[in-house]
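What follows is subunit A paired twice: with subunit B in the first complex and subunit C in the second.
Presenting the complex of A and B:
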């Protein structure tokens, strides 16, 4: 390994740790919050559905970059300032939970109507119908797109670099700048190539898992 | 409207920068349009070659799709813009802008179209082959017209993402809508008005695109389903 590679690897590895932490937080919060929002979307109450639908459409529709800038630069104006990590996590969770909500709603509504009707005829009240009949069947259909979304969320963490979080991408970018200043050579191909490889190694197994789960459904 | 630190809401600020923002929006629309059109062409053609099981091409396409779907678009953009010059390929920010969107969106669309083509009932293909259609004609006249309709909803998702992801070009300072807004804001600190304005523009265009796609879906729906 050439002499420049050692310090760069250590620096980028620290960034990778931040990336992995951000991804883990975003995935967990998005799944929990998104499932709750998705369940609300299947409620019979119209006002609840309209409010949740508006929330989901806004955060799904906005480019994540715009959301991140909004949280990082705009919210401090009304006294809500966050550090880069928290701002990035909030932005990713808003986007992630909105997408999880859509997946959950789709899965619940894909369970044939007859199932709910039959459960109602057997005397199950609405909560029991959801808990014992609809959710167990919907859960199988949620899994493949949910794993796909996790892959997406892991990749979107790289956007945190744009608001200045020292993640794996920001660390490699700074390394390239430093190497350019000190030696005149960027070494951008091996450095950015490694970042691509790291994401590939994390995401490919999840993509394959998602495809397997999908195939098992049919 | 007064906020903390005496910040005053001033909608007129956005209008005084309408010219610059309009130019930014045009650039966003330009790279998005090329990106979406290119992603469609890549998706249909390579998706067809995969569904037809053309050897070698199919394996190469597989590799392309897996690499571009399993790495972040932002890192791909960085690679094209910052690393390729070391390998002797220097691309302008505009070229990286549309090219990265074509490559990324194309990879997703290959999957969308391949799945659509393969979801066409095998019986239809067998029937057309039995009637004497050569393989390519059977594909063009039976699989393609049915398959693209099946693929349409997921293709729409990808196309909308391509449009939204044109905002990633802020990372290479290409002055599209988001970058233009940031530049204006960094000189004149009116962040609130600016971000609400560009947020509304993005949402309106996203909704317009999905509504357009839905009307295409209805217009070309086959009576009685597929």
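Presenting the complex of A and C:
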């Protein structure tokens, strides 16, 4: 083990903790908020749908990096300043929840119309149709794309480095720069290699899970 | 037939039994966007009557049926269930629909539930029937449609004919006052048609009021009290099934029957 390995590992591990926390917060908030937004998108009320649709399209349509820059650099101009972690979390949650909403809406609408007809004909009011007939069927269809999106969200957390969040990527990059300055040697390969391995280890099981779920559905 | 029907019995007729029609449509019109599919339909179905609806594809038969329980909101006209105007504001359509059973061409069973749970869902959730009671009633009905052994099966494990019989039983769980059937044998393999028609025959003989869209002319002739020919969004002809089938009076009816009966 070279002498620099210990301190660099500690430094990058702190960054990794930040990354994992950011990913966890983004995933949980995105799934909860996105499910609620997705449910709103299936409401019979047109005004509600239009408002939610606009919200979803904006945050799904913008590149995450643009959203992050906007939150971190533009909002402070009107007095809404956030730290890097909160700014990154807000940006990722906006993007994530908008995408979850779209997945939920798609799953609900992929349930054949005859199902709602049959429930209505039995006398179920709209909430009962949704709760007992449509949602149970939509839930199965939601899972595979949802796990895929979670993987994507975990990967996108690395974008937080661009607004200066000391996440695993930023920590590695700074370590590499410092080592290069102090020793004149670049240790980019082992350090970035470990980062790559970490993302791989987090995302691969999820990707496999998504595949499994998809296969079980067909 | 066109006089307004009210629930009040005039004093002079105190002892006369005024039997309100189970279903009455008056001048029902239905448009989808600019397309007028029903152009003023009047139809009365009395208790225990089996009315069979025939007509060319796209003539509005399904739409007509879906207007009876207002699964499609109507554009104009009135729909009465046992004398009650369902188009009046404030009518709870969900409550009304419990009394009108409906069976669809595509069965529309709930695929995530077993046959038994398909039957008990509505009574348990809407009528708060206790589980054991609902399940006992469900098993009796499954037995009645010849599927006592399929209670635990999911729809995906059943044949089309079996699914459709479960669907009929599901509708009967709510003890409806009238049953609507929309081409319930059209999606079935020919050898499965009779098992579903047998159930419908039983039901008709038990005195159920029925409104059936079908291409089964044999069924219409045997069990229909009245045959209604729907074409171009109106009732073009109606009468006793044998009369309409053997001596149709309208040219369109003749053409249609020639095609169907070959």
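A few comments on the model shown:
In this section, the second predicted complex is superposed on the first by the 218 of 218 C-alpha atoms of A that agree within 3 Å, B and C clash if a C-alpha of one lies under 4 Å from a C-alpha of the other, contacts with A are read in each partner's own complex, and residues count from 1 in each chain.
To be clear about the criterion, contacts are C-beta pairs under 8 Å (C-beta built on N, C-alpha and C of every residue); 3 or more make two chains touch, one makes a residue touch a chain.
Values in this document were obtained by computation on a predicted structure and should not be read as measured data.
Upon superposition of the two complexes on subunit A, no clash is found between subunit B and subunit C, which fit side by side. Looking at the shared chain after the overlay, A:193 reaches subunit B, while subunit C stays out of its contact range. Looking at the shared chain after the overlay, A:203 reaches subunit B, while subunit C stays out of its contact range. When both complexes are overlaid on chain A, the residue A:122 reaches subunit C alone and has no touch with subunit B. Contacts of A:36 after superposition on the shared chain: neither subunit B nor subunit C is touched. In the superposition on chain A, contact is made by A:158 with subunit B only, not with subunit C.
In the overlay built on the shared chain, the residue A:132 is in contact with subunit C alone; subunit B does not reach it. Considering which of subunit B and subunit C touches more of subunit A, the answer is B. Using the contact criterion defined above for the overlaid structures, shared-chain residue A:114 touches subunit C, although it does not reach subunit B. Per the superposed model, the minimal spacing between any CA atom of subunit B and any CA atom of subunit C is 19 Å. Comparing the two interfaces of subunit A, the one with subunit B and the one with subunit C have no residue in common.
Every residue of subunit C that touches subunit A in the complex is listed here, in rising order: 69, 71, 94-98, 100-102, 104, 106, 108-112, 121-122, 125-126, 167, 170-171, 174.
Remark: subunit A residues 112, 114-115, 117-125, 128, 132-133, 136-137, 140 touch subunit C in the complex.
Contacts from subunit B toward subunit A in the complex involve residues 3-5, 7, 66-67, 69-76, 78-79, 82-83, 85-87, 164-165, 167-168, 170-171, 178, 182, 185, 191-192, 195, 198-199, 202-203, 206-207.
Those residues of subunit A that touch subunit B in the shared complex are 57-58, 61-66, 69-70, 73-74, 77-79, 151, 155-159, 161-162, 169, 173, 176, 186-189, 191-193, 195-196, 199-200, 203-204, 207.
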